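First the structure, which I've put down as structure tokens, then a few questions once you've had a look.
Letters A, B, C and D name the chains as they come in the text, with residue numbers starting at 1 for each one.
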Amino acid sequence: MCGIFGVSGVDRAAELTYSGLYSLQHRGQESAGIVSVDESLHVHSRRGMGLVQDVVTPTALSELPGDTAVGHTRYSTAGSSVLVNAQPCIVNYHHGPLALAHNGNLTNATQLRSDLVRNGSIFQSSSDSEVIVHLIARSEAREPEDQILDALERIEGAYSLILTVGRTLYAIVDPRGFRPLVVGKLNGGYVVASETCALDIIGAERERELQPGEWLKIDDGRIKNLPDLEPKPHRRCVFELVYFSRPDSVVFGRSVEATRRALGRHLAREHPAPECDCVFSVPDSSNAMALGFAQESGLALEHGLIRNHYVGRTFISPDQSSRSAKVRIKYNPVREVINGKRVVVVDDSLVRGTTAKSLIQMIRQAGAREIHLRIASPPITGSCYYGIDTPTRDELVASNRSVEEIRQYLGLESLEYLSLESMLAAAGGDQGSYCHACFSGDYPIPPPDDKVEGDAASELIPATRNNRP
Amino acid sequence: MCGIFGVSGVDRAAELTYSGLYSLQHRGQESAGIVSVDESLHVHSRRGMGLVQDVVTPTALSELPGDTAVGHTRYSTAGSSVLVNAQPCIVNYHHGPLALAHNGNLTNATQLRSDLVRNGSIFQSSSDSEVIVHLIARSEAREPEDQILDALERIEGAYSLILTVGRTLYAIVDPRGFRPLVVGKLNGGYVVASETCALDIIGAERERELQPGEWLKIDDGRIKNLPDLEPKPHRRCVFELVYFSRPDSVVFGRSVEATRRALGRHLAREHPAPECDCVFSVPDSSNAMALGFAQESGLALEHGLIRNHYVGRTFISPDQSSRSAKVRIKYNPVREVINGKRVVVVDDSLVRGTTAKSLIQMIRQAGAREIHLRIASPPITGSCYYGIDTPTRDELVASNRSVEEIRQYLGLESLEYLSLESMLAAAGGDQGSYCHACFSGDYPIPPPDDKVEGDAASELIPATRNNRP
Amino acid sequence: MCGIFGVSGVDRAAELTYSGLYSLQHRGQESAGIVSVDESLHVHSRRGMGLVQDVVTPTALSELPGDTAVGHTRYSTAGSSVLVNAQPCIVNYHHGPLALAHNGNLTNATQLRSDLVRNGSIFQSSSDSEVIVHLIARSEAREPEDQILDALERIEGAYSLILTVGRTLYAIVDPRGFRPLVVGKLNGGYVVASETCALDIIGAERERELQPGEWLKIDDGRIKNLPDLEPKPHRRCVFELVYFSRPDSVVFGRSVEATRRALGRHLAREHPAPECDCVFSVPDSSNAMALGFAQESGLALEHGLIRNHYVGRTFISPDQSSRSAKVRIKYNPVREVINGKRVVVVDDSLVRGTTAKSLIQMIRQAGAREIHLRIASPPITGSCYYGIDTPTRDELVASNRSVEEIRQYLGLESLEYLSLESMLAAAGGDQGSYCHACFSGDYPIPPPDDKVEGDAASELIPATRNNRP
Amino acid sequence: MCGIFGVSGVDRAAELTYSGLYSLQHRGQESAGIVSVDESLHVHSRRGMGLVQDVVTPTALSELPGDTAVGHTRYSTAGSSVLVNAQPCIVNYHHGPLALAHNGNLTNATQLRSDLVRNGSIFQSSSDSEVIVHLIARSEAREPEDQILDALERIEGAYSLILTVGRTLYAIVDPRGFRPLVVGKLNGGYVVASETCALDIIGAERERELQPGEWLKIDDGRIKNLPDLEPKPHRRCVFELVYFSRPDSVVFGRSVEATRRALGRHLAREHPAPECDCVFSVPDSSNAMALGFAQESGLALEHGLIRNHYVGRTFISPDQSSRSAKVRIKYNPVREVINGKRVVVVDDSLVRGTTAKSLIQMIRQAGAREIHLRIASPPITGSCYYGIDTPTRDELVASNRSVEEIRQYLGLESLEYLSLESMLAAAGGDQGSYCHACFSGDYPIPPPDDKVEGDAASELIPATRNNRP
């Protein structure tokens, strides 16, 4: 997953981008980058592995002048976790400097890339985003917009894009609208971002969300709609609401906090645990769900687990490398809350189930008499090919286990998942407009041939997962 | 403030210390250090500015062998924020290597230091802790314990100490017991720490808390009580419970989470806001208090503010350097929760009031109709001389303003503080045993002459303050 | 200027390359890089700004496995002193990984690049070397060798190349042979280098020098000559012998030390200074010339200037930023040698004349009665377009001044340059085979249109110039 | 060995100190440090491991204000090569800040240190220099000068000291005068340095050399002689002239370059090699000696060995770790000069003989028909206890081998050393005033008991040895 951010027509665009990326850090901690374009069309860039505050030092920031900027924060698969894949991509092509930040995943990138290489294109990275740039450069159209359109007509998959050619900024969302993109106003210019929280941090006024297939051009403080891409059925990623986005953002027209509260309420209705003494969340990503559950069920809300917020590149010694030690570094149970109690634990989702297993053990050791786990989304049974780095099917705890088998594996008194219907009801709006392939197997675009199974797996839930609030 | 940690008789003592310090990081982010002593009495150390995970890299950790270790994490005043003050202190004196980690503050350090210097002692740091080491080295007694006792008899103030002479570890708490210190068991050895959360992270069994004036000697897996220091009236720092310690710790025999919940309940009883629509906390330090308030008052609990947990050395540009921009980097309001509502905001304490002022503005801009601030402790009217880095009186918002004046300054519909009596009632136990000088002016030891006012101020609430959960 | 090095068929090829580059450091200190190819055709690389020992740390070196490697050390113009231009270039094209190290300069790179970009090629760097790679990738031939040949037939200028496709290594010298390239044998494999000193440092046996237009293919321990490039008149760069190469190297079949000694002898014959007391060099690049001068003239050789060899990124304070202070940091006169004497100072060449001016002042202040400067090459009157970073004509002290004017500008009793004829006589061999365009204006290939004048200048003689022995 | 430098009464004293240390780098590359004192008596410092240009970055330099400064560059034994031993020592004692830079070695430091520790002094380092500081701090005298005198009366051994108390600077040389110290004038203030080359680099006027036992006080631009220390027979270290100092310095009243030339001449007279074809030096430390040899003997001077001046922390792979590979990294023979010749090689001294052995082999492989090694000093048969880090006797090639045995060990046609008498004659002046203990065993102060043999050895000639010109 990635966070993207762009500025057009506001002074110190790179500083705004820095703050924007900082608030989008939960969308990717692997690498970060900012590209700025100054009045003389000179391009300045800083990209590197790590958090934006590590990559873009104050000195680096001071060397990114201009009123136009694009930023990217990346959260990628293990195999390609290398500097050369850090975005934004920057190239000099015949129309001048082009910078591109991409959130999503192309499903036909392998084929396109292989065609391009056969014709003499030289790739610098293994990222699918570079394919887009080469398609633009190879286009035989004369104007940048036509070249971009040529490229968009050939790519398939999920893409929210921020792109600059010279000092003109384009913001584009694929016709299915998998990933969010919003536009805001600030000091006579415009700002584009993956989530509204990135507008808030810089004090920009939320203008509106881009619709699927929408394409904006921003230039000299003027914003203009280019013709929409050819329409397709909408497929908004429901996991953005369930897990990925920040609770203070509005995504797909919905308050994330409110949606999660609704998920908790639906969960309490579908799977109450009336005999229990209290309910608590796996902080922080499930806080809203636990609150919703408590309010709906009438069970007492507690803080049963405390997170250490100084998480990061903590060294874990060989002696501590067991999963349970890793979990202990991030969470500590509050014994006084748990001891002797029948507790409901609310979590947003279960991916591999390994962290949950250790958490359950920890809660048990803190004296819980019964543990009832409630998951505010359905079982994840398949990988995502549209931008979320889920592991391969084999690694998903629910891919070939029944709920009862998972309950036993985790060592629980009870385990319940929210149903697909309730999840979509809580998400609200047009329930047919969501992509829920990882839960339902209903893939709106066929997975790429080379990914159907046995894919070199990546982690959905890395060490820093729950830094999201 | 500081966090201290010690290990005796457990292999890879430095790695345990690393984890322990990591869980005590909320007690000090300015500098960190670990000293280990190996079987041949060789001393190894690593100290530096920054978080423990930055200072003690895996490579550094691998160069800290031995089954005895002492660690320290420091949170100090601006003036002395220099490497040379990073602890533990290590010296070679006539009985071999001595390492010392100190949490607290000596009130007669200036005088003692000046006497020592006059007699030819050479100080390497400006820390008061080094005074203790010189007193030990200068003692004319022959045995280390008698030398330590000589030193303890001369110092005055707050001190929880972990100290090694060779491979013998001593743990000492001053007779008033200002700061906590606990001992735990692990794999046939012992572990000493500022808080129980540091025992939990390494899986040590909580043994017990040291009492005021208690002095332990741990050697070769055996623990022994040395005679208590001369008794004085107990003065446990109530601010440890209100703000400083982690909610998952047990401090002064009390669950911090439970205490904070009780503070919230008392606050709701003393200062309800029945006409309001909802209550929320300033996360994360006030979460338990807001929950207590909600439960007692029956008001709906909400998540009105979201914190960005990727806080750290974030660059703040000159344009953003206003207090409100700084606050926006850390907190974002959830408009959907706040808009049009009459809200109760619960915070643990008010120090300067500057952050609160910006937060209130932010909540107002998010559409709050009325804002009622409830503080779960009394007004802070004086500095602390026993280890907490409060600013000077002049900077304390409550030092010379009435509650009504503060309410107007902050722009609130109402502002209420918890009374001293209720705070102590919520803290529980022997209410006479607490130090509450910063709230009440009742200083158990006279402030040092050179500190009575005009002290070079330090910040209680630095950028990373609310990283505490 | 650059140094290049390649290994085929010898274990730990990267370590050999490291040592080789280390001995070629005088050919470029701006950036360094090593690429290795392992048995599985995986490519590993390390490139960065700075000296090879700074860029390629032991850790980096350990991550460069394989028996095939290419290395590059670069010494470039200010404008393009950026990481992205660090070589070797590495790309993945349809025949697999390709790495290229280039010493020289293409004269038609701008035109070729512009054609390529117009057709959709995307460049990552501003280096002319990347043009070669794109030409290879775009070739419609099927075999790598034919593709390379396609590229070579389109480029014009100076190039000594080391190139790998998969694990096959190619070594190529342009038909005029501007830059040297030698091949050696080691442990059953082959080594290619800019100078013989790089063979010596790793104990490789000097095999022979590549002739102009020669093209070698080395594969699996077997070396093979591919058909020569279309022949052109030879134009060996005489400045390699005069200044650039190391004295312990054999370049263009000539010992550099012996050639420089001969230059000194010719200089003494053409421009003796019989009335003087002694002769000394500007160390270290002119040592051999001063020795030759002394031997031919019978004047006493002295060490009149001492160099500080700890040169590097020495900070120069604003107060010291005068040229004379800069010179003082590198050289110190020996007063006892100079005071009251009539001295001959021998230098290899005069470029801008600024360093010489300060040196002369320094020698004067040390008490020299008369100073007679003898330059072991003719006046430099034009820029080089074949790989040496001379400044623009305007900055050359001799471009529009007579020798007498330069003598007055430098403040000398006498100044004499070696004649072109004598320089070529000292260089030996076929005197018609040398390029001496910077001295004579006789450019074997027309300068590129965009370079004819007003070029953004670069320094021939940077801070570290005289590190060459 | 160490280099020391001090400034009193000149603006930007730290910058001058930086340049001074830079020119004294040959006296120590292990660590470097600068301490400055500003007008308000605040002390600023920067110390670290490595070269002065690595330790004292421009940023660090800008944080060292004031017109008074002391600097140190250290070259120490392996055992104590740790940051804490980096000088200058800085302490706050009762008279304010004291900084001390020491060149030399105390012979009674162990005893003094043990007494001090027994009385409660706490040492931070293992350096003998810290003993001096403690003795000053412990003195019962009232005035700084009397306290310093108390300390000087207790220490024994070799010391050239630069010391500041507040902004008063003291320069002191021990009564035997082992190590040099010179004073110069600059812009109304004074500069003190180990060698005159450090005065030259900043353009200071050489004032004079301190005599043994001399003690200067410099304050507010005024220089004053304090009473000399109690006189003892002079023992100037002859090795300073033979090897240690820079040729452009004047040391003990003698030009180092001229002295070395004289050493070469005496060597040619004592041990000519009339049948040989040429003579060359082991560059750069023996250049002057080889020149003297050539001039006296009439043999042709050649450059038979070329040094790589980019020496530093070069990585040497396990495969290359043989001594011969290490030598090859630093030196390369010029075959054209050597092949088929009978050569005289001149070196300044032989310590372990290991480098020489490899060099001889390399020269032999380059085709030398005969190799005649001439050493411009006598066999080294004992360690130095006065500041030069010679290895223990066991490691000295000449400690228990005859010259004939060494010749065979090195594989030479002939080997000759300069006699003690000739060395002293070449050194000039009062021949009885030199210390030549390492050559003659005539130790002017008895070696410390704990050093008589079996001392943990250190290297006289580390990797960077011949960086000295």
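Quick notes on this structure:
Rule of thumb we're sticking to: a contact is a pair of C-beta atoms (placed from the backbone, for glycine too) under 8 Å apart; a residue touches a chain by one contact, two chains touch by 3 or more.
Remember, predicted model here, so these are calculated numbers, not experimental data.
Among the remaining chains, not one touches chain A and also chain C.
A centroid comparison over C-alpha atoms places C as the chain most distant from chain B. One simple way to say how far apart two chains are is to compare their mean CA positions; for chain C and chain D this gives 36 Å.
The centroid of the Cα atoms in chain A and the matching centroid in chain D are 62 Å apart. Chain B and chain D have centres, each the mean of its CA atoms, that are 51 Å apart.
Shared contact sites, meaning residues of chain D that touch two or more other chains, are absent. Pairwise chain contacts in this structure: A-B, A-C, B-D, C-D. Listing the residues of chain D that touch chain C in their complex gives 12, 15, 18-19, 22-23, 25-26, 51, 53, 56-58, 61, 197, 200-201, 203, 246-248, 250, 255, 257-258, 283-284, 287-288, 291, 295, 300-303, 306-310, 312-315, 317, 319-320, 325, 328-329, 332-337, 467-469. Residue ranges of chain B in contact with chain D, taken from their complex: 91-94, 117-118, 120-124, 133-134, 137-139.
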